[in-house]
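One structure is given here, and the rest of the page talks about it.
All chains are identified by letter, namely A, B, C, D and E, in their written order; residue positions are counted from 1 within each chain.
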Amino acid sequence: MSGLGIWNYLIIIFLMMTGLYMVISSSNLVKKLIGLNVFQTSVFFMYISFGYITGGAGPLFNENVELYSNPLPHVLILTAIVVGVATTAVGLALAIRIKESFGTIEEDDLHKMDSSL
Amino acid sequence: MDILQILSAVLLGLGAILGVVGAIGILRFPDFYTRMHASGITDTLCTGFFIGGLMLQFGMTLASVKLLLIFMFMLFTCPTATHALAKAARHGKLKPWTRADADAGLSNEGRVS
Amino acid sequence: MLEQLIDIFLLAFLAIISIAIVRIRNVFTAVMLFGIYSLVSASLFMILDAADVAFTEAAVGAGISTILMLATLSLVGRDREKPLVKKKISFLPLVIVLVTGATLVYGIVDLPPFGAADNPVHTHVAPRYIFQSMSEIDVPNLVTAVLASYRGFDTLGEVVVIFTAGIGVLLLIGGRRRKEENADE
Amino acid sequence: MILTSAALAILVTMLLAIIRALLGPTIYDRILAVNMFGTKTVLLIAVIAGIAGRGDYLDIALVYAMINFIAIVAVMKYFEYGSLGSIGNDAPGKQEGE
Amino acid sequence: MSDHMILRVVGKFLIPYIMLFGLYVQFHGDFGPGGGFQAGVIFASAFVIHTLLFGVRATQKIAPEWVLRLVASAGVLLYAGVGVASLMLGANFLDYDVLGAYPVAGQHLGIILVEAGVGLTVASVIMLMFFTFAARGEPEGESP
């Protein structure tokens, strides 16, 4: 594996782990959602890295190009990004409702208020 | 190397110098207003130089028209954003850091009063 | 060569920004840094030849996500308030993250080489999409061809998901405030 | 070669802007750095399009410029008025009751 | 935002061009980067900037919520309707070959219609979401 590949995948895993850490450890709900987005983006990088071919062109048909990157991961990720923002919006709406009902979006406080959680 | 390439190189070089100078300014100047003057002045001109150099690279194609559109867009939005930001900072009662403050030994960072 | 250099730089930017997002306590600043993060990741997609994905990420990730998060912050309060519960330092999340990360790093050793043209992923269905779509569909942008025609059923599902998410947001926070109960039709 | 050095210069500029965005004592410094970063990203994309020799990619640069402007306006409005949907201090397009 | 005179003027000046660019991305998606998803978001962001500059109530007069709900549903229906139309013409669901006089023409027509459906849905759902978020904190316009 080339050096660039190792570097790419290492950073992808690093980003994934930062996102995971944010989701687990930060108690603010909005920040958790940011962590979720970071995690999601790292998965996008992973797919796009798989589809990349060194020296290939982007998947736009051109008469004098022989080698194209794989268009399939691009399609999957393109839709995943839009779906991702839609789900993020639902999560944010939930955070707003929690704030209105409980007066806080800190998870620790929520646990204290509602012992059934 | 024909004349267009040399001209393009000169334009791109000027743009790069302006960009780096602006970035150094934004990093090194003491308070918000001076930093804003560093970035606000260089940003638009740097964009102009870069776009000009790239237009020479692309030649007379549709791409040059698109570059021109980008330049027009940035020509409107960059100064507007800078102006609005400065106005917001003034509204937010962010005081400029003056020589008197420096003499009095006050810190230069983030005085909102 | 140059593409690799830019790639390395941008990935390093991403790592720096993500660390900063983890460490910063003010949520507003975290949202702003997330905006930068989206911009950088969109340029990275650009470098990796995924122009359409970069387009989407720039418009959706950097634009709409950031704006929706700002709108949420304006409703839930900007700053991290003093928590009622004193947060006790816990090393459990860090341990979990490190163990998971180590496992994944162990896993990448077996991945096929980065950027090679004969990886398994490029041999199965991609050649058909690439080389026959011009005669079958005649749309130069292969991504559009795959998105709308070969995989049209998937995309229908995605559109329905977005529509459902819109309905969900409307049901959760749309309409009148809770002041007058049962005022919603 | 020319474009390569230009891209490198832009990357260095972006690095400096990121440092300011992370240090930035006041929130305005951060917004300024983010704005500068966005501008430089537009230029980077344009230069990448030049390196690849594809004019199609310039659409993406245009969209970046636009999104950058909108995001900066949104951040400022949020910071100044505390809400994205309000009209501001006074209302020229006065809101009538429904 | 009325004390930001320059911002208002420039922003109002840019809105039609942003919309035009959205339409360009929508219909140029076959030949360059772009397509329904991106175009929808760009078109919606024109309304977002209008909201930022003039307040959410003013924008909701231009694009009322019931219209957006209708358009969002219409987009999904358009997409599914293309599939049903190809079923009716004797092919598989979403097989566009039968829509035109010859297969490639059918594919072109199908892709344009489908992308239009995606664009309509995405644009109106994003606008709907943003208006909902922005209007949440605002007074309704009637006595509280």
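In this section, contacts are C-beta pairs under 8 Å (C-beta built on N, C-alpha and C of every residue); 3 or more make two chains touch, one makes a residue touch a chain.
Since this is a predicted model, take the numbers as computed values, not measurements.
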### Query
If chain A were absent, into what connected groups would the remaining chains fall?
one piece
### Task
In contact with chain A and with chain D at once: which chains are those? Just list them.
C, E
### Query
Any idea which two chains share the most contacting C-beta pairs?
A-C
### Query
Rounded to the nearest whole Å, what is the centre-to-centre distance of chain A and chain C, using the mean of the C-alpha atoms as each centre?
4
### Task
Report the inter-chain centroid distance for chain C and chain E in whole angstrom, where each centroid is the mean of the CA atoms.
21
### Query
Rounded to the nearest whole Å, what is the centre-to-centre distance of chain B and chain D, using the mean of the C-alpha atoms as each centre?
12
### Query
Among the residues of chain C, which are close enough to touch at least two other chains?
51-52, 54-56, 59-60, 63-64, 67-68, 71-75, 140-141, 143, 145, 147, 155, 162, 165-166, 169, 173
### Task
Specify, in ascending order, the residues of chain E that touch 2 or more different other chains.
3-4, 7, 11, 14, 25, 31-35, 37-38, 41-42, 45, 48, 122, 125, 129, 132-134, 136-137, 140
#### Entry: Sequence positions of chain A contacting 2 or more other chains
57-58, 60, 78-79, 81-82, 86, 89, 92-93, 96
#### Entry: Pairwise chain contacts, counting only pairs that touch as defined
A-C, A-D, A-E, B-D, B-E, C-D, C-E, D-E
### Task
Mind listing the chain D positions that touch chain B in their complex?
2-3, 5-6, 9-10, 12-13, 16-17, 19-20, 25-26, 28-29, 31-33, 35-36, 39-40, 42-43, 46-47, 49-50, 55, 58-59, 61-62, 65-66, 68-69, 72-73, 76, 79-80
#### Entry: Of chain E, residues touching chain B in the complex
3-4, 6-7, 10-11, 13-14, 17
### Task
State the interface residues of chain D toward chain A in the complex, per the touch definition above.
52, 54, 56
## Note on the structure
Listed in rising order, the residues of chain C that touch chain E in the complex are 51-52, 54-56, 59-60, 63-64, 67-68, 71-72, 74-75, 136-141, 143-145, 147-149, 152-153, 155-156, 159-160, 162-163, 165-166, 169-170, 173-174, 176-177, 179
### Residues of chain D touching chain E in the complex
56-57, 59-60, 62-63, 66-67, 69-70, 73-74, 77, 81, 83-93, 95-98
